[in-house]
Amino acid sequence: MAEGKDIKKALDDIVDRKYTFMHICGTHEAAIAKSGLRSILPDDLKIVMGPGCPVCITPQGEIDAAIEMAEKGCIVATYGDLMRVPGTKGSLDSIDGDVRVVQGVHKAVEIAEKTDKEVVFISVGFETTAPTVAAALLTNPPENFSIVCCHRFVPPAMKYLLEQGEAQIDGFMLPGHVCVVAGYEDYEKFRVPQVVAGFEADDILLGLYMLVKQVKEGRAEVENAYPRAVSREGNKKAMEMMYRVFESHDVDWRGFPVIPDSGLKLKPEFEKYDALKKFNVEIRHVEKHSACICDKVLRGVADPTDCRLFGKACTPQKPVGPCMVSHEGACKIWALYNQKR
Amino acid sequence: MAEGKDIKKALDDIVDRKYTFMHICGTHEAAIAKSGLRSILPDDLKIVMGPGCPVCITPQGEIDAAIEMAEKGCIVATYGDLMRVPGTKGSLDSIDGDVRVVQGVHKAVEIAEKTDKEVVFISVGFETTAPTVAAALLTNPPENFSIVCCHRFVPPAMKYLLEQGEAQIDGFMLPGHVCVVAGYEDYEKFRVPQVVAGFEADDILLGLYMLVKQVKEGRAEVENAYPRAVSREGNKKAMEMMYRVFESHDVDWRGFPVIPDSGLKLKPEFEKYDALKKFNVEIRHVEKHSACICDKVLRGVADPTDCRLFGKACTPQKPVGPCMVSHEGACKIWALYNQKR
Amino acid sequence: MCIAVPAEVLEIKDGNKAVVDYGNLQQEVRIDLVDVNVGEFVLVHVGFAIQKLSREDALQTRQIFKEVYAAMEE
Amino acid sequence: MCIAVPAEVLEIKDGNKAVVDYGNLQQEVRIDLVDVNVGEFVLVHVGFAIQKLSREDALQTRQIFKEVYAAMEE
Amino acid sequence: MKINMMHGAGGAVFGELLGETLTKYKNNNAGGIGLESLDDGAVIPIDGKNIVLTTDSHVVRPLFFPGGDIGRIAVCGTANDLAMMGGKPLALTCSMIIEEGFDIEILERIVQSMDSALEEAGASIVTGDTKVLAKGEIDGIAINTAGIGIAEKPVRDSALKPGDIIIVSGTLGDHGLAIMTSREGFDFGEQIRSDVAPVWNLVNAAMQAGEVHAMKDPTRGGFSNAINEMAEKSGVQVRISEESLPIRRSVRSASELLGINPLDVANEGKVVMGVAPEDAEAILAAIKKDKYGKDAAIVGRVVEGKSVIMETGIGGERFIEPPVGDPVPRVC
Amino acid sequence: MKINMMHGAGGAVFGELLGETLTKYKNNNAGGIGLESLDDGAVIPIDGKNIVLTTDSHVVRPLFFPGGDIGRIAVCGTANDLAMMGGKPLALTCSMIIEEGFDIEILERIVQSMDSALEEAGASIVTGDTKVLAKGEIDGIAINTAGIGIAEKPVRDSALKPGDIIIVSGTLGDHGLAIMTSREGFDFGEQIRSDVAPVWNLVNAAMQAGEVHAMKDPTRGGFSNAINEMAEKSGVQVRISEESLPIRRSVRSASELLGINPLDVANEGKVVMGVAPEDAEAILAAIKKDKYGKDAAIVGRVVEGKSVIMETGIGGERFIEPPVGDPVPRVC
């Protein structure tokens, strides 16, 4: 692989001190792992994972609500990722009810069209995903269809993280597919180096290269290394549809406090699709463990073992923060490593 | 088997023309079949089976009610015999609910004592069995226990049968264990030869011998060939307990019409144990197939094939009359024999 | 029409119960319907003793058998 | 944070649907969120096309790669 | 048409399913005794050696019962089917299908029980497989064992000859009644115990002592089913003497109480064999010397004709028929 | 502790259960290769002949899927495990556990499919067993097959040597993705088809063409699991070249769409082998001549060390790890 070696050399040349960048995207992490990309980076260049998947940050209360729907006899449809995320008393794949993995919201609607039973779609996802749900709700799904709306936005979480104080992070690789839909204008307010990157190994290497360059040149702006799919304004049609159906509101994230304007809820005219209202289910706000230091772990200023919940109240079986849910989460990796010893 | 041969010889000697006797007891039939007794009888001596098990004559509506209880989430307990008797849409052993075979009513009560669920005992049986249920109800079963009362009496059915006209039956072998409890005074009103018999092969042979003798001597009375267990008055204590809890009423029998005073129902003070009232279940009176000629088949004046329902509306899978339910029933035997050809 | 099996009463217990032996097989049964003592025989149906069996009557049956057999031998 | 896969639009159907090809694999997807024509490329996420991919921009990325590689070769 | 419970209980209804569906393989024989024979196992001749092959899936409930458990049955059942073909059990496979949520401690007890049964049977589990199904997709556990053995001289279940003497290796009905009474809550505790045991040693002793013409283990459907299959396949009549049938007193009591024919329920450590009349006494004596053959008895004889006839205690006759469906405790 | 779904998906969690519970038999070997080896099957030497024995229970859902069905898998799975030991498949057993209410017509289709797979595999079903469970006690049907074969020279999965070349006999991931996409409702129809097929012929051709040191079929847990087991048991490191892995374009597309690694899902008609370097090209050529070996490829090599390393397209390296649990379609 001449090319790969060439890139490695380019990075070797440009990296002159320790750099740590954070991506905030599960799909970036998967691509990095699959390509063995870290193995070709210069020793001084690190890429770490932030609170990057819409599933890991889904609070227990939302999983519990989904399970409650299933227990009430509803058909619960959702993405495969959510199946194994633990709520307070189990995960969706460990219960008896009728829980189905679907490719997207439209498949859940199709199920509803073919049954008399109630079908509840557990609607997770960031900006990338929320417009698809809006599109489905705008095309008159049947009366027995409803959703539990768990959508969240990236920029408010990043804002929260940055406001927690100093981070040992030199810059951020922005989530390509979120930006496909939402554009990247919203990130320009953050005074840190940022590059939007795609998901081929080359894309990621390019993103890293551009990040190092930006830092070296003392800039702190948003650059786009994924122009074949991303533009500054994103997919305006998609965003507009999203805001026809949803409006933003304050929600909590697993292991984090309530973050203002970081989530979506159905607008009043779409409330008939609100499964929580329909079945009178409440999302129990599992009392916030103020002790979770995920934000510090993510900012690189603390190790998982610095958290007093680690291995005690917070384990892979019963995770508290998102770092313990995600397979790539720092806390989970530490915990599994310790278990094996 | 010197003894067996001796008896055979005694019967050979006494039987001088065709005799047909009817027993009305499944347990007699089982004993006869098990011992191969018919194979040693003189050719002219026949013993046929009447409407002799409390299970076969349980109408479909009562099975349906039991199934409905199970579908409502009750634990349904009953005797093994009832498990495979078909109602209108299946039998107890073909449904999904929690149906349990118990040895007796007291075991169903024990189940109720150990669970919070409702336990419904399907209470079938003749005079032999009803007092055991009375005894159980008189010892304060828990509130989650109730019964579907399907008990029936023998003498009214025999009366009905005899009133249908001429029978090609020379006499009746009376059910030993019914008489253990109820005595045999009630049968003395019937102007036919009758002998109460036990259940050893010798008991049955003795009963037959006494029946032939009675016919030959021109008598028509009730004799007792089972004195080690049966007395004329029966078990007074048991009968008295039975009438403390139950009172007689008119009920229908599978394939027969309503027979006056042939069944039992709970007295008002025990209505709290009435599962039908408790769960608001009705016994649907499956419309009487007036075409069923079971009574004629039983009296020996018709063959199953004379019935226009035979093999059409009435099959072993979907029996109409008791002759098609019982394994020893004439209609079932004919139907299975024809199937095999 | 009802299966009933003879058994010997081995032990009387509280709550109308007794331990009986059917022949190398013991079980607790209910004796609400009969008044019995240890050593007596009962007929058991659906887990309840429904009658006592008296030795004399048992003998009486045998007596009837005997008469029949005697009649044949004449 | 979201798996999305490029695909070529093969056929536009009623009800905001199109048949796309991911590479020897065809599927019907929803195109509510984009305005596309047959022959164009889209990014598909959870069964919805979420954006068109333009050939020019794709080329532009390649251009950036090239510049990097060129820079190294200096 | 749908499968119903009768299809699983052996006997006539199952026979139909077998004949019309489950044995419709053109590829059903590897050179010796194949599927077409519906014997206890198959025989495959390899270079003059007779390899015996058999399989059974075990789904007994409860998993633990007086006298045994599903693990012991899984090993003995397959070892015994090998023995029924005249084969010395050698190696077994073990494939478990387990329900999510199953208790691993129970699994450990089952494995231990299998191991001690193997010890007794002189065989080993040499390969296995495990599948886990989601909750509700299977009830607890099912264990399949297949096995191979070597037969000096294969024995079929279809080679009864008129004149043969029928021997059973011990009391009948123990297993079936132990299962039923422990399942249905009759509180008999350990009074009725399953007979589950490996029988190769006694079978081998019998074969050394004389001519064993045919063998079968009276498992599902009990003695009634086994002897009918043997008679029908052999084209002979078997006459059984009721009074000679060894049935434990406790089992007889329970069977009367429950209205169940002890000949209709399964045995798991017993053999029915037809032997040359001149060798019958020697074979019986050899069997009686074995730990599991003490109660062996001559119970009948083979004559020309068809069907299985019971000669009853009162001098009567009746057919012994294969049971239809699993017996249920009755009150009338 | 309770069994969970992870226990059934192969990989590390299952490995623990295997090691601590399911293989705790003292009687685990009949003289050759036994349970302790956890190979594709066992080998029992009988008078100089190597009898191979293996078993698998099949519970695949849906019962019919593009490219195959549970019956075809039941036959091929066991025939292939025999082949993986170097054994020519000879005779199979078939034990079915069926739910009350199961459609007999479907049963007939399954039997027919098994029969035609037997035809292809050159083997026979010689003995069987059927159990019927009450509604709800099993979900539909489970089919166990065990089988015996004869190996001229047994092949273990644990005999990789440094220097060996790793060959796979065809494209990877087909079966697993066919099952997943037909199960989860992605409407791919017949575009992705299972590869379920018997491989004895290509295995035999390979063994005739040169030295095959080790073999395994990459079934549950896929290539990732198989190659890790082989490396670990052999005490070597395997280095796989990402770009040389044969993966069908359609399978690759689906795996990207679903976020599933095609190396982590089952194959049912494929072989992973380690061969002597000097014979590699001859063996590859021999395999490619077979109907089911057209896409065979050299995908890696064995070196001193441990673990399985993927040399990626960009010149990077990563571990190939056995998957934890069954892969689920993902969106992120």
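Chains here go by letter, A, B, C, D, E and F, matching the order in which they are written, and residues are numbered from 1 within each.
In this section, contacts are C-beta pairs under 8 Å (C-beta built on N, C-alpha and C of every residue); 3 or more make two chains touch, one makes a residue touch a chain.
Bear in mind the structure is a predicted one, so any value in this text is a computation, not a measurement.
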Among all chain pairs, the one with the most C-beta contacts: E-F
Chain of greatest Cα-centre distance to chain F: C
Numbering shared by both copies at the chain F-chain E contact, with half separating same from different: same
Chain centre separation in whole Å, for chain E relative to chain C (CA means): 36
Geometric centre distance via CA averages, chain C-chain A, whole Å: 77
Chain B-chain F separation of Cα centroids, rounded to whole Å: 59
Where chain E touches two or more other chains at once, by residue number: 4-5, 100, 136, 186, 259, 330-332
Shared interface positions of chain D, touching two or more other chains: 1-3, 45-46
Multi-chain contact sites of chain B, meaning residues that touch two or more partners: 3, 7, 25-27, 53-54, 79, 93-94, 103, 107, 125, 129, 202
Residues of chain D defined as touching chain A within the complex: 1-4, 15-16, 30, 32-35, 43, 45-48, 50-51, 53-54, 57-61, 64-65, 68-69, 71-72
Contact set on chain E toward chain F in their complex: 1-5, 7-9, 14, 17-18, 21-30, 33-35, 39, 41-42, 44, 46-47, 49, 51, 53-57, 59, 90-91, 93-105, 107-108, 111-112, 114-115, 118-119, 123-134, 136-139, 142, 144, 146, 148, 150
Residues of chain A that touch chain D when the two form their complex: 3, 6-7, 9-10, 13, 24-28, 52-54, 79, 103-107, 125-126, 128-129, 131-132, 135-136, 138-139, 154, 175, 177-178, 180-181, 198, 202-203, 206, 209, 225-229, 235, 237-238, 241
Chain C to chain E touching residues, read off their complex: 1-3, 5, 22-28, 44-46
Chain F residues within the chain A interface of the complex: 4-5, 184-186, 258-259, 261, 310-318, 325, 328-332
